[in-house]
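Note that the chains take the letters A, B, C and D in the order they are written out, and that residue 1 is the start of every chain.
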Amino acid sequence: MVLEGKKRVWEDYQKEIANDHYFYVRSCIRQTFFPGSETTFLRIMKNDLGKDVFEDARHTTCTGIGYHTDIVPLETTMTVIARHFALMTEAGYVNIIPSCVTSFGLYTEVLETWKHFPEIEEKIREYLWKATKREFKIPENLVHTSDIIYKFRSQIKEKSKVSLINKRTGEPLKVVEHIGCHYSKMFPTSGVGGAEFPSVLTGMIESWGGSVIDYPERRHCCGFGFRQYLVMANRGYSVSNSKKKFESMRPFQPDFIVANCPGCSMFLDRWQYTIAELEGVTYDNRGMGIPVLTYEEMAGLVMGYSPWELGLQMHQVSVEQLLDKLGIKYDKEQKYRGAKGQKIGEPQKPQFLIV
Amino acid sequence: MKEWGYSILKGRQIDFENNDFSISRFVELHEPSFSWCIGCGSCTATCSAAKFTDFNPRKVNLLIQRGEIKGIEDEIAKCMLCGKCQLVCPRGINTRNVVQNIKRAISKSYAL
Amino acid sequence: MSENKQHIIIIGGGPAGLEAASKLGSAGYRVTLFEKEEQTGGKLRTWYKLYPGFRLAEEVQDFLANEIKINVPEIFSNAEVVNIIPDNKYHTVVLADGRSFIADAVLIATGFELFKGEKKEEYGYRIYDNVITSADLEKKLRLGQPLTTANGQTPARIGLIHCVGSRDKKVGNVYCSRLCCITGVKQAIEIKHHLPKAEVFNFYMDMRMFGQNFEELYIEAQQKWGITFIRGRVSEVAENIDGSLQLKAEDTLSGRPIKMNFDLVVLLVGMVPADRTEAIGKSANLGFTSGSFLASADAQIKPNETNTPGIFVTGTCKEPLSVGETLSDARSAAVRIISWLREKREIN
Amino acid sequence: MHFNLFVIPFMAGMIALLILLAFRYSQWLSNLETGDWRKIGSNLFTLKTIYAFREIFMESLIHRKVFKVNPLLGYMHMSLAFGWFMLIVVGKFEAFYYTGKFANEFYYPIFFRFFEQTPHLSTTLLNFNASMDLILLVVLSGIVVAILKRFRPGMTGMKKITRHSVGDRLALSSLWMIFPLRLLAESTTAGFTGNGSFLTQPIGNFLNIFLPLQSISMVFWWMYSLALGAFMVSIPFSRYMHIPTELLLILLRNWGLKTNDNFTGFSEIEVQSCSRCGICIDTCQMNSQGKNATTQMVYFLRDYRYDQLKPDLSDNCLLCGRCTQACPVGIDLTQQRVLQRKKMTFPQSAQFKYLPVNQDIDKTEVVYFAGCMSHLSPNISLSMEKIFKADSVKYLFMDRDGSVCCGRPLKLSGQFEAAKQLVENNRQQIIASGAKTLVTSCPICYKSFKEDYNLKIRVLHHSEYLPELISQKKIKVLPTGKQVVFHDPCELGRGSGIYEQPRNLLKKFTDLRPLSQEKSDSLCCGGSLGNLSMDTEERCAIQKATADYLNSGNPEFIATSCPMCKKSIGQFSVAPVKDIAELVAANLVKIGQENHKLLKYRKLQDAMDIQ
């Protein structure tokens, strides 16, 4: 691997990321399965970096799931997104930062469409007006929230308490970075580092002390695929894709996986359990699986936040093995306790996967 | 065991590194023209058997070369050995001997 | 400039420029040739052997150099032409250092560059250690370097990817570079010359074996050298933990995706016009093809003329051509320039 | 009692040979089919046995057929076989005359000159003596030819000599040694006793000048006996097994036995009767045109005998039948090849359940089966249809929409069971059509229909059917006067014995010219479905050579009656190659309208020429 070559590619794919004053749009999947991640993002942005991040509780789904499953027509999707832009405009913001990679992709797609077909934009403005009596301005800056963390990776590094280094060996942790397909595969220029060698997560991992694994199936989809997952009979297709990735990363013995897409984080985590139960296989050497983090969780750990405040107990593959490597102290007792210290109940133990 | 309602699929990808080339090697040894195919498809177009069933001599040849030999036995059994394919092959492939050697490779007694 | 000798300027000292220069020189014209490099010879200087007969590129270089010696045109090396100022009677050719020259006719023979392999990011050229281009391979062979992987091992399996930068709208080149196919066949055989035990696979979209003995060489590659041709464009290259490469393509003839490992991958990069061709062409008000090559006035009957009278084109600045075709085209250009200059003199 | 220790090697060899022969013969005979024994029983005491002995004399001793092919090679075989036979017979009579009793020690006549060293006085004995020397001279001359042939194969007309195994070489060397040693033994004895004749005596006298013959001669008698013994013992393990086996073969064959679809004891006897004369190598086009002299029947049978037969060799044969026709021993070589392929075939290799079973077939008079190959030469079936229509006969074109193969290609490849599936499918359809006549355009199919289908209706190739139509005045063809040569398709000619019908048909309306190699001697077109492993270049070489041969007299047309032959020859032929069906169809005239339509048909014909 010639790193210089990658850097050259990265230079070609740099994009403008606004410095402050963001209108934040949450993700359906992330807020459901990794609610701690979004909290962490806001906490880092507001408390640690002192940025202005605004969110409006009235914002809805972007309809991405419905759109990609052919349930919601494009005009509806565009109108819903236009409403988000209107909420942003009304709040006096120009920079929009979706938490979801699919939303990010969809926003990008909509803006690109309008750029080439202004008449469609006009039509959507009309629809939105008819439906809600709202108006909007096109966002000046649209980036994904992982782009924001990428932008401030050095500041986070400065304030960090933990490095992505194996405390016991002193070696950098080997990290698999997984980029959501909708981040840059549709519009390579809209992703940091492009579509083939995206550097948004690589940038974070490397500046926080870890090393990135470039394994053969790195580019491959996690397998989520809305249509595939939503219909039970098709889930075999979904899990097979994840399995392909795990098999490919296995020889590299990664310490953990990090993804910038909520769906990917979810499926790379959960499917490890499913594969273990179906076939009796895990892709680490100890039968425990490879821990999967969202980039917010990774940043939170680096910032020294408590793993249970980050919501790491919500993961299927247990993260304790990773916390031990990082040298992070944690209280086992606190894992399944709520904010007020009450017991929230423990999940059932899987048959094969060791937790 | 739980009822999952789905299972992990093998996929359609030709996994070259883990495929079985025993038939391919055997046929190539005994009939080198086996690997001269350029995929024009005239054999399949003229094939007597292909007129009646889903049989594609070009594809059988190719899949064996790629080491994809699952179910090849049933496929090759469809050949009537009439020899029309050999008459139309532009590369001069000895198609009947290819078929013959595929069968020979499959049958255990002549595997070596 | 002598009164009765008409003056022709040739831009580019590759095979096309040299061949036209010697032919025009032997016809008694005053010929001035500008070569941007230190030496003439163009890409021939970096190529090892030529298809389909495996003749040394060096021999053609020698042939051209000999011809030039006999017909003594004036050659300026390290002379980069920046633009042409066309005029009714004489055209002015301006060099980068500010000097300018006038001529009755100008022949553009600026040639080609090879498509930059790194533009096809998914193939990882200059990122993965064991991905090289066809030009890199030629260089290795010409210098007599052993064919090894980056860590000095003898590669057991080598893959050649056709159409890199050609027939590819995504990189802006919809045209067929047409010579990469036969180059792929030639190089596959050359690899077998050096590494008889290696397995060689070519991934192609179409095999365009248009030239004399090209198809025969393709057959030889299959039958004598056991080279495998897989119809399918490689979608991506990735690196395995041991530095070998995983290729993904569709084996379109079986209708199935295929995944294979290779120790060395060669990208058969296509031809694109040389960097300065566009600027020179624009300065002389010339037309361009879809691939930004210089357009002929007419593909059938005016292959070497342009839409600016007195400015001619030859060689690979107008389309991808083989060495043999380039030399023929240069001769054709020379003949056309001679007849055009005669007509011009008669009118005057 | 005549005895000397040196006779022991000979006697031991002789006894060993007899035991081994008895053992092997009983093995083969026990593998005969029951029907075979019935045939033997009913033919044993008939003239057939006498014919058999006549054939044994003509072929095993005189080698008439070899003589026909090549006189020098024939002489070699005859001088050895007949000469040796005569040495034994005359020697026996000599001993009988000398001792006055018929029963002597077995070895006594053979070593007569050792035991009877007194010079003869009676004229009869002197004549006997001279005869024996003469016969020995003849045999020795044969040996000389054999040795020369071994080192200069060209001189006997053989292009390639058979390659021998180690065992064969031992047998061959001992055989070559026998008669020179006999000459030396008798000459050295004559040298000091004077019991020799015109050959042995002068040599003996000459040697006596400088050699102590009395002591030396014993050495030669020993060596002579040893050579004889060695040869006897090596017979069952070498190609010389053919000598005793061929006698048995001729008897059995004359009693009506032949090799069918199963490999029986008789087939084994056929295999063992091969003398490896190598005539099959010369006659084989794969050798003469394809430059392949490694696959012929002589090698095939040798490899089989030594249990070393490989599919690649077995599959590499055109099955054209030229060698069978030429084989001086009369072995059904083509069938031998097919049966070995059958032995080497793979179980459950084919499955044709996908074939349509169409019982709902229109009843018809004639069912027409074009055959797979005709589909690649469609003008043949078009012509046949035109003829059927001219005849106004009700016919069914059975394989119009894609053909189910007749099964013969599979059978030729050895896959008898697979072929049966196809046979059964087609058979049902043919029966369901209710036709009284089956006509086919493909000789390959024809042979299959004839031999494997067990049809109760008439089966005709169109070369039989068309002349029938003409003689019954159902169709009429216009004479063209064109010069035509006829190429016999292997499966039709040698395979099915149809030589005259197509010729008679052509003579009716063309100027049919003879060829030097025709009928049973005709060349194979090279297209052959029988050969599985021959490469395309070699195939093309044969196709081209045959095409060149047929074109050598510059005919206006080359006529044939097989789609495969038409295609094979057509690729390389200067003159247009036409199936006789095409020629008939193109020159067809409606009965009663000959003059009226004459001009139009002439024009058609010219158009055909151009084409």
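What we mean here is this: a residue touches a chain if its C-beta (ideal position, glycine included) is under 8 Å from a C-beta of that chain, and two chains touch if they have at least 3 such contacts.
Small disclaimer: the values here were computed from a predicted structure and weren't measured.
Note on connectivity: the fewest steps through touching chains from chain A to chain B is 1.
Chain centroids computed from C-alpha atoms place B closest to the centre of all protein C-alpha atoms shown.
Placing every chain at the mean of its C-alpha atoms, the farthest one from chain D is found to be A. Here the two chains linked by the largest count of contacting C-beta pairs are B-D. In this assembly, the C-alpha centroid of chain A lies 82 Å from the C-alpha centroid of chain D. Centroids built from CA atoms put chain C at 40 Å from chain B. Work out the mean CA point of chain B and of chain D, and you get 37 Å between them. Inter-chain centre distance (chain C to chain D, centres taken as mean C-alpha positions): 63 Å.
Those residues of chain D in touch with two or more other chains do not exist in this structure. Every pair of chains in contact is given here: A-B, A-C, B-C, B-D. Across the complex, chain C is touched by residues 1-2, 4-6, 8-9, 194-197, 214-219, 251-252 of chain A. Chain contact summary for the complex, chain B toward chain A: residues 2, 4-11. Those residues of chain A lying in contact with chain B across their complex are 232-237, 239-240, 243-244, 274-275, 277-279. Taken together, the chain C residues at the contact with chain B in this complex read 207, 219, 222-223, 226, 228-229, 231, 251, 253-254, 256-261. On chain B, the positions that touch chain C within their shared complex are 12-17, 32-33, 35-36, 38-39, 58-59, 62-63, 65-66, 68, 91.
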